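Residue numbering begins at 1 within each chain, and the chains themselves are lettered A, B and C in the order written.
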């Protein structure tokens, strides 16, 4: 644990220097979405599942924000600490173990996601889009989602040698996942052929859980199934990360 | 690979061939990597996904929307906006990151200016190139709009040249910005501006819904005018009002081009 | 006798079919300054990485500080200081933070880490740069900071992989002087180098490595005395090929080695050999009589030069 905290400390010192760049993506961007789509488009949407459109999308945009932050922090930053700064190689020469390095980075992502979610929820409350004390559960859902995204994407980044895959990952995976995981409209509207893709997306499971917590709606699957799926992806991601980090630091 | 800049001995090269020589350089560079094609494709992908998600997906929750005295499906309302966005992002991709790299780092233009070409030729050549990339997106986009019954083939043909004007306007704005910014980190700001326009230029909901002061502010930005023109044409309801927007885009193109070539002269020929 | 800090028998490292280290034996005692001398690709860095517990041996026996590097890697690394071949300082942190953050990786309390960082920054003469960014440091400064970082856990054993490669002469001498002080203070140093002058300056004892094997072992003086002659004469003959003189000068000195640009003549008496060359009627365009170096030892043992 001490080793994990030591790497977390390093990551936070680094963040202290570079936080400005993250303000737009983790705070301003979700807010702009809320205003443009939630309020702007919302006035033309009647109600969805009995709720006004803004209230409907707030849990979704909350989860999508966590999704994007976790993804964003697991790409260039991780690869560059292997390839350019070689910070992981420096850590490798100390008593730190691979688990500490992965843990320190995932904890850092957790802190980033938590701050982003808290600010977003506070603003949503000002817009009158928070209706239930169960909202307190949503940061836990976001934390689980962040691990289910952060761990495998970090593993992917650790095994790459070229950054040119990242824009492709963003455009062909992250943006489609954000747009079709039930954030803006229920996935049941999707063509049957595409539906399994939405079910595979960790974001969709988190959206269902956040929406269930904030609006009291019945999730499409039983809540434990959604949680179980996210746990499974997170666990697989951690195993993969352990393997990818070890391989990268070996020989 | 050798790229030639045709020189006619003793005589001034015609403007067309000067611009064409810049284009042929970019075509040559284009062939140098397959990843470029993937990135090229992905630029078209994004507005398309928004059309399907917000336009069709959320549109199903909305049904029809009335703007002024017209009623149309929400998808048909969003589609021309995304068409404008694809022209914008295609043109900006070329004139921001790519142009800036060539201008400041690869320093391609230093060597080009050692030939009979002038800064204005480079600026015009790059602009036409950026517009062509945007048009590649808009042609594909219009075909899909016709296929989804969001416009008619005839109006799609009328809309196409207008998307080229949109590409020119954004290309020249991007190029002017690229000659002014200091470093890569400034592109973050460009990105913020681009994304704010994307969300609020009457793209997903009519600007008339916003408070009057905000509406005025939006009316000063280029994407708003692009959306106005393309929406009027693709929905088959052009009005005299769009002439103002067309003039705005044309003037922006000229102003951007002049700023860019003047600043290039200052930076490269000083 | 105390237990050796490094003990290796028939140590091997293979990457697929390629054997980088082909069965070497080593012992390094506390307080020693020990060197691996050899050209690029001799297997020095692979050996260092095994000693640093970041690369597992594929054969033979290796014990570091009396422990097994595979099982006790983390415990061993806690007592090592490592200065890798390529600097991996943290570019997002200041010079000072690079040390304090690294100290945290060893579980050193914050205040203690700050105390040591202040001391070490003073030691490597970077006090003025303490709050600056790593990027602003020159190559020599970066290397000194990396060495300071390697000292932050007060290690029992410091590993330096090519500590001065790529530095200008002035920066090298400054670094050597700092390393010499560490050695005087009783720190055990293990370093790799392909510079014979570096090995002569810093090492009490060294092994000469070539193609994954140890070809000789001993103190620099001992290696020179056993494998080379007291003096070496370097002869140059304008445009003529040095090899063509081997036969003509046969019998002078103990040994003749033609290099592409010069002929090396090994002998106990340099001046005597030069007169003999002139007596045979040859007038080299340049003549240099010097003492034997490790470079000569390497050439004699392997038939190749160290730096090419």
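Just so it is clear, a contact is a pair of C-beta atoms (placed from the backbone, for glycine too) under 8 Å apart; a residue touches a chain by one contact, two chains touch by 3 or more.
Small disclaimer: the values here were computed from a predicted structure and weren't measured.
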{"item": "Groups of chains joined by contact, in the absence of chain B", "value": "one piece"}
{"item": "Most central chain, judged by mean C-alpha position against the global CA mean", "value": "A"}
{"item": "Intercentroid distance (Cα basis), chain B paired with chain A, Å", "value": "32"}
{"item": "Where chain A and chain C are represented by their mean Cα positions, the distance between them in whole Å", "value": "48"}
{"item": "Whole-Å gap separating chain B and chain C, where each centre is the average of the chain's CA atoms", "value": "59"}
{"item": "In the complex, chain A residues that touch chain B", "value": "21, 24, 28-29, 32-33, 35-37, 40-41, 43-46, 48, 53, 164, 167-168, 171-172, 175-176, 179-180, 184-185, 189-190"}
{"item": "Footprint of chain C on chain A - complex, ascending", "value": "2-3, 6-7, 9-10, 13-14, 17-18, 84-87, 89-97, 249-251"}
{"item": "Contacting residues of chain C [partner chain A, same complex]", "value": "15, 49, 52, 54-56, 74-75, 77-78, 80, 82, 84, 86, 88-93, 97, 101-102, 104-107, 149, 153"}
{"item": "Touching residues on chain B, where the partner in the complex is chain A", "value": "35, 38-39, 42, 45-46, 49-50, 52-54, 57-58, 60-62, 65, 74, 185, 188, 191-192, 195-196, 199-200, 203-205, 209-210"}
